[in-house]
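Below is one structure; the comments refer to it alone.
Each chain gets a letter, A, B, C and D, in the order it is written, and its residues are counted from 1.
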């Protein structure tokens, strides 16, 4: 694959990262095998499809195919009011509805010039970081399933995730479809008991991470399966718009919590882990280390959580009509930069509503990452990119 | 040494194996039909319509068929037809009422926006999640009488919120009564004043 | 980062002949945008990426926007001299003009190296029917790859120079562009009887003998 | 064999003789010309019944054990239907122990789908053959002091010959299914059989060398006796035996396609590998064969390394030998389940590399070790200690060196952090 236009970009269409790939067929090598992995395949994390061409088991060509879960979320949103899109954003990245809600609320607040009270900002950070833990725990679990464990790490991760999800249910009324953030604040004020339970859970979480790491991080099979697999170069990753832990695993220091310091993130003391090799192992470790940093943020948030209203008194729930204009709000979702682009023409419905899905754009370099590796690796690389098809296909 | 990571992993799974017998932190499963995890205060499943009197659910619905929920419902699963006549509502004001109020629970996603936006505290979120039907079209299409639940039931599922709503409604009712009383008094006063001020056109004996 | 005006001026100095206009954003976000002409867009994009002061190496978001043809009624107050010689009268004069429809692609650019942004650029097509081509910026920013394909799919903007311009979300044989404002939904995709009269009517139009409560395809199949 | 059993019958406890007495009592009832046939048929039926049931309960044990490893409960809902007609409400589901029977009913009543493009005959033959081959291996395992179905002098050769045929049936299934995933699985199975037959056999050869026999009965008998009255003379309690046992475990895992070597099935990569196009009872047959293979290999491992049917301590000698065998079998299977619950899957190139660069050299070195062990048989006293040290060094040294080479360039990493 090479660009049609003659440019001298800094290797945007990077060379395959794996071993050299044979592209010829002759009498000694036999035919190439074309396999359509998906849409029904256990490891495509939904209804994603990869049309792979194999030389033996080595991938010489990979073509991602999308759209099996396409429901034109953007069109639906353009035909309903701003508020009515909020529950639909839950269904974009259904593992992290809290941060997806926040991204949408952030964009609408930017569009309407809406202020958010302090307590709500803290609550949003608490929930977003809990969501990050939920997402990374899930991802790591599923990654190990792709690596061939019999569900054990996944179920350990789910056990911990379940505790956080229970908190979400107690707070918002639903486990995954939280529909919690509102333009100008949050919907429900958590009770002191809830906060105490959440704080206790967060304090206990590093214990789980330690056990998890003891079980897996040093495992020789894991090292063999992930180190050096699916290398991603920093320059290519930036050019391809890859964000989130995948980008940081390649060594690029770009975390919107630091760069944009949206919400109250500038008030928190945390670090951004950076990888060096950009391979699957780094991507896995980024998740583990980010969970540890999230725990730190959460502990600070529980300590400093102010009292006060959770909803801006000027915020309008009924009859919300932002002034004409446009805004692009983005935040660091667990998967990368999640952005909402909104264009208002002064009516109750957005004129243009666009989601910038990190899952989709992080797949841009999937082929480059997989070339030269085997089918087994392709599954793992896809798993380490962390996609949710609800967001990819929208 | 090669294998040490594997041995550590085996140790952790063994620990979890043992822990699953005595440690509730590790064995978090709830044996569902016999045991049930408690539902939180804010848990929501599908909408219900609050009525004041369980004996006459359809006659005492709080709903005034304003259709805000119908318009705002994201998946458009609510269908309302307004009445032609008016009936007095909880505050005694004559209001419209829904002749048809259906919610297609096959479509409903339980987001709770209808309950959030309802200005009359009429539509609320239920907590019953075990909803089954043998016909996926009509079976899941809930009519007015299936949706109507008494205020007492609402109190039983969401005590804090219901108490708050009741207090607010009571205050409104009181205010409305006082307003009505004041209006009646004013009216009477005005009438009296009028009667006093106006020159008698009819002989007082006739009045 | 430089202001948008400065960027525009530098661009105009660098690319003489290019039409670069600022598009103000009236909303509170005040993210103003630059509109580029199609002939120079590709070169300008490369300049924006490689310029050491800007280094917009990261194209975050690419969006299509559909602006259908719309009739704009402008009211102007015109003073008309009274033919009778009296004082001039102020008369409201309504002029109707048709604003031609167009499609627009909006690019949100950031710099990861210098951590600034966004610089938002817009590319516009001539109309919505036959002049729907804008230059593809995928060779400049690889991240536009899928997003431009998606816009091509859902809006129908043809990106010239895109290495692999195929539909992304809809299937290959699909004809229309669903995100356009005048897109008409097919009448058969939501055929299940619902309480909504409108949907039911559409279902009945598609399956004439549909009765609520029974699966429509089952009824259609049952018919000889 | 019957005559032999009768000969030793007098000196052994009743429980030890019970299975044979039962069989002989039944055989005596029949006319003499059919006796030899019935004699063997009973053996076959007994193996089928015992290991059929063992398979059934292994499936539920695996699911429950894995469940506990993963902090779940595993299947615990399938009750016993008869109990529901009892007058009192017997609500206990017996821990879901009837799950395998429900599974069997499900597998039997499921639709059997054969892909249109498949090679119908091979597609049918593969599951049949895989069960047949995996059952063949049971013939030479000594399940107890007197319970050995067929006594062969070259029992080990027979075992490997029959055992390796199962991998060929996997290839057959993969090829006949006309499915690309199945085809990949078939190729993987071939690579695996080529890579792991050799280490499996090489890990067993030291035992043959030391015991001086290919007969499983002889090998089991040779491990009788105790040092100091408590340490049994099992092969696993010698340095070369321990190393051989570990190599055997790895190779057995690979040979029986268990995690971490379940590459032909590889559900996260190849959907279900060679099983993709199988459903219903044929699928169940593959499943059954996998467990039979696992059981047989565990049985072999027990026989050659874990003292076979020998009791671990002298004072427990009254427990019948077949009970010891079964107990050890349960332990082995439990270990395999534990491993499955913990480990990740290797990639095919790593699998073959592990075999050729690690296990085969180690097995060859272990052969030398065993030779050294048998040559120094009469070293006593302090020399005995020297013997142990040398033998242990021959095990550990190459293991560390080869392991370092195999794992070269890979280690857990430390990461840097950005604070802004």
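Rule of thumb we're sticking to: a residue touches a chain if its C-beta (ideal position, glycine included) is under 8 Å from a C-beta of that chain, and two chains touch if they have at least 3 such contacts.
Only a predicted model underlies this, so the values are computations on that prediction, with no experimental measurement involved.
Counted as hops between touching chains, the shortest connection from chain C to chain D is 2. Of the two chain pairs examined here, A-D and A-B, the one linked by more C-beta pairs in contact is A-D.
Rounded to whole angstrom, the centroid-to-centroid distance between chain A and chain D, based on C-alpha atoms, equals 43 Å. The geometric centre of chain A is 35 Å away from that of chain B, both derived from CA atoms. For the pair chain B and chain C, the distance between C-alpha centroids works out to 41 Å.
Per-chain Cα centroids separate chain A from chain C by 27 Å. Residues of chain A in contact with at least two other chains: 152, 156, 159, 215, 217-223. Residue positions of chain D with contacts to 2 or more other chains are 69-72, 341-343, 407. On chain C, the positions that touch chain A within their shared complex are 25-31, 42, 46, 49, 57-61, 63, 65, 106, 108, 112, 115, 118, 120, 136, 138-147, 154, 161-164, 167-171, 178-179, 183. Against chain A, in their complex, chain B makes its touches with residues 2-6, 8-9, 11-13, 15-16, 26, 28, 37, 40-44, 68, 72-74, 109-113, 116-117, 119, 125. Residue ranges of chain A in contact with chain D, taken from their complex: 33-35, 41-43, 54, 56-57, 144-152, 155-156, 159, 215, 217-225, 227-228, 253, 255, 258, 271-277, 281-282, 285, 289, 374-377, 379. Interface residues of chain D, counted against chain B in their complex, comprise 65, 68-73, 338-339, 341-343, 399-400, 403-404, 406-407.
Against chain A, in their complex, chain D makes its touches with residues 66, 69-72, 180-181, 183-184, 187-188, 259-260, 262, 266-271, 340-350, 407, 409-413, 415-420.
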